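In what follows, a structure is listed as structure tokens, so that the remarks can point back to it.
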Amino acid sequence: MKVRWKSWEKRTQTPLLVLAVVFGIAYAVPIVAPGAAPWVHRLCTQVEWVVWAAFALDYLVRLGLAPARWAFVRSHPLDLLAVLLPMVQPLRLLRVVSTLLLVGRRARMAPQITLTTYVAGAVVGLMMFGSLAVLHVERDAPDGNIKTLGDAVWWSFTTMTTVGYGDHAPTTGLGRVLAVGLMLSGIALLGVVTANIAAWFISRFDRDDAVERRQTELLEALTLEVRELRAEVARLSAPPEPREVPSPSAPRS
Amino acid sequence: MKVRWKSWEKRTQTPLLVLAVVFGIAYAVPIVAPGAAPWVHRLCTQVEWVVWAAFALDYLVRLGLAPARWAFVRSHPLDLLAVLLPMVQPLRLLRVVSTLLLVGRRARMAPQITLTTYVAGAVVGLMMFGSLAVLHVERDAPDGNIKTLGDAVWWSFTTMTTVGYGDHAPTTGLGRVLAVGLMLSGIALLGVVTANIAAWFISRFDRDDAVERRQTELLEALTLEVRELRAEVARLSAPPEPREVPSPSAPRS
Amino acid sequence: MKVRWKSWEKRTQTPLLVLAVVFGIAYAVPIVAPGAAPWVHRLCTQVEWVVWAAFALDYLVRLGLAPARWAFVRSHPLDLLAVLLPMVQPLRLLRVVSTLLLVGRRARMAPQITLTTYVAGAVVGLMMFGSLAVLHVERDAPDGNIKTLGDAVWWSFTTMTTVGYGDHAPTTGLGRVLAVGLMLSGIALLGVVTANIAAWFISRFDRDDAVERRQTELLEALTLEVRELRAEVARLSAPPEPREVPSPSAPRS
Amino acid sequence: MKVRWKSWEKRTQTPLLVLAVVFGIAYAVPIVAPGAAPWVHRLCTQVEWVVWAAFALDYLVRLGLAPARWAFVRSHPLDLLAVLLPMVQPLRLLRVVSTLLLVGRRARMAPQITLTTYVAGAVVGLMMFGSLAVLHVERDAPDGNIKTLGDAVWWSFTTMTTVGYGDHAPTTGLGRVLAVGLMLSGIALLGVVTANIAAWFISRFDRDDAVERRQTELLEALTLEVRELRAEVARLSAPPEPREVPSPSAPRS
């Protein structure tokens, strides 16, 4: 069971990644080119649905392969939510969030992905989708000031790095919710960068090495001593010839 | 004594938590709905007083159960202040700060609360109360720019994450004092996030593992050697028959 | 020599600290109350000079007590600069910076001051002097927007926490130089806060505890074994009576 | 081969550093003094080309000295890009970026450069070039607000420290790309500062010292015990006189 689970995860990894990229494109196109032909918009929407469905299917298969199904469901509440939500509420943003969630949860299972790459990827993904979503939301806001893709990307950078010039800022509630997401992931980014450097530094530090060196010395001394001891005991346990095979004539001792 | 103290803390934990939530609601209502009926305002004020009183009582009981009272008072100056201040100065904001202080101090005693959950909780609480308080203060300011709850929450987010767009900022002295509190706790938040990640990273680092592996090897070799040694000594200590059962005719030796 | 040095540092610590506080007051008064009587301004200026002189004197005495004078001078270039500069250029700001520098360098020698308290103190001091200096500089700027002490303090908070709303910002070159100082110390503040929490966390982590526990177990097992071994050897080394004292009549063995 | 490589790096280090400084000047002059005589502009451009060429040459020589050329090329893709790009696209900014890249890659090879000094240097360099480049780009922007060198430097400080007042911010696409670079290096700066302090702190922490002290005690006790054991065994292995040298007349007992 466990084996088939792993093999499933391994085999589906790359195709799902490709689908995630496709999803990104399908999401970007209608926002970047709002004046595109209707069939383009329709196609993109369908692609979004397909990708979401693929990830939902992946979730169900993994659920099916899970040794303890109920435990799996309880331990992956977000995945479940991401699978159910778009059925209940087919809003575009919801669908996007759900798919991103499923992609993210799935990505974290890839064995070769470290926290750094994961956060880096999440940051890039969030920034891209954040810019697009904010642009989508704010473009039609009466007193909005994020009208072009350039502004949106620039704004998301100033937000994630917590620089926050304020030359561009969301004015609608939805836009601000998205902004908060960007800010928080920006803090995470900051944290990971710092943590990485800190870990790298500290790994350089030979801290309380003194104690450890002391111990090693003690151990080496001890080992030597025991070895000599063994030798002595060995000598001792061997039949002591000189005293055991005397010549009768020889004077005792 | 110690036992009763602990049991008191344990038994009162949940009810006090509930009271804290009630307090939050009682504080929020009059600010969110300023046009509510007078009796609502009165009720909320009374609830605030009751909750504060409950926490003050809790402090007094703990003081009563303390093995060394004077030491307890000296080691909990903030609690004392939080208990006395509202009596001296029944200002609303003071009462709120006092209650929050008591809640916070009390929460930190809960054994299962780690620093992270504590800071997270403090951040959420501060943000909620900060938004409400700033809204309360700034709404009536002539040149204030935080007039709605949405603006207040949005502002507190931009402040805590140190993004600081500046599209909304307190203009009154009191509002700015509250803002400074949010900023500082924002920095704490940042610190805890980073520290968490860093600790997680560093715990992954197998630093000076070489030395430790060396030690373990030495120890295993040593244990083996000692075991063999014991065997040898055992063999040695056993009555060596061949030498002890000679034939009577044999020359004694 | 070293002894007298230490004793000098110890004895002068408190008075110099008091002088530093006095200096702060003497610096604040003319800025906070620009309309004060001329003699007040004169007095404050004189006090500033006196405090600076006291610290300069302290530097010279320490130099005199130093075992290797030239080495001391070379290892304390900033102190020397801080002592000489006000003689060369009796500008107010220069004098302030010099005195702060001397105070800071001196404070760092106090044995009981940890990095945290040092940075915290530096941050508070910098913020206070920064606010005052920026107020002093910007108040007379034609298009300045920091005109009151409140604005200055608020601005320095938003700067140090790197929130930077931008509702107030220095416009003169000198004000901006001061601002940069605040920003950099704000980053240091952030760093120390994070580092503190991180260190606290990591100290909690029982990292590669597995290896260590393994070692301890091995050691305990080993100790036990050696103890038993000793007992056996002891038994062995004792004169084995039963085999050595046979009754002549009894059949041997 | 390896030896000649190292000697080359060592010998060329200082001259290349000097060239880097010269490059900085040659880059700054035309921007700071746009009204300079045409021959100055021409000279600066030529100097830039020369410095770039010098670093390109250095790359080629190192490539020539590399034991495995192809591996060297693959492991230094940025260097290659930096060498080729200006030939393909002789844009000023491209040339600057390329040279900075080459300088940076080269600097990191200097053995005595730690991460801190490297990042500090990178930050200073980036800030200087960032200010100049942004000034160059924004000065001619119709609705730009960075018109003087002072503004540019001030802006780059507020950006790198992530304060971001927003009183000055780039408005052109190119200026914003440069700004993003500054922001990211600002985050790196923050990370390095924090990491430094954290590492310093943690190196102070005597973490899980308990376990280690326990081990050392165990080891010392054990060593003692083994020593005594050896003594006993030695006593034992020595010919036990009393039993071996009886007086013939004495009754055996």
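As written, the chain order gives the labels A, B, C and D, with residue 1 at the start of each chain.
As a convention for this text, a contact is a pair of C-beta atoms (placed from the backbone, for glycine too) under 8 Å apart; a residue touches a chain by one contact, two chains touch by 3 or more.
Listed by chain with UniProt protein names: A, B, C, D = Ion transporter.
Everything numeric here is computed off the predicted structure, so don't read it as measured data.
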| item | value |
| --- | --- |
| Any chain in contact with subunit A (Ion transporter) as well as subunit B (Ion transporter) | C, D |
| Equivalent interface positions on subunit A (Ion transporter) and subunit D (Ion transporter), same or different at half | different |
| Distance from subunit D (Ion transporter) to subunit B (Ion transporter) - Cα centre to Cα centre, in angstrom | 37 |
| Subunit C (Ion transporter) and subunit D (Ion transporter): spacing of chain centres that average the CA atoms, whole Å | 26 |
| Two or more partner chains touched - positions in subunit B (Ion transporter) | 162-166, 190, 194, 196, 198, 202, 205, 212, 215, 219, 222, 226, 229, 233, 236 |
| Complex contacts: residues of subunit C (Ion transporter) adjacent to subunit A (Ion transporter) | 162-166, 194, 198, 202 |
| Touching residues (chain side subunit A (Ion transporter), partner subunit D (Ion transporter)) in the complex | 150, 154, 157-158, 161-167, 189-190, 193-194, 196-198, 200-202, 204-205, 207-208, 211-212, 214-215, 218-219, 221-222, 225-226, 228-229, 232-233, 235-236, 243, 253 |
| In the complex with subunit C (Ion transporter), residue positions of subunit B (Ion transporter) that touch it | 115, 159, 162-166, 169, 173, 176, 179-180, 183-184, 186-188, 190-192, 194-196, 198-199, 202-203, 205-206, 209, 212-213, 215-216, 219-220, 222-223, 226-227, 229-230, 233-234, 236-237, 239, 244-245, 248 |
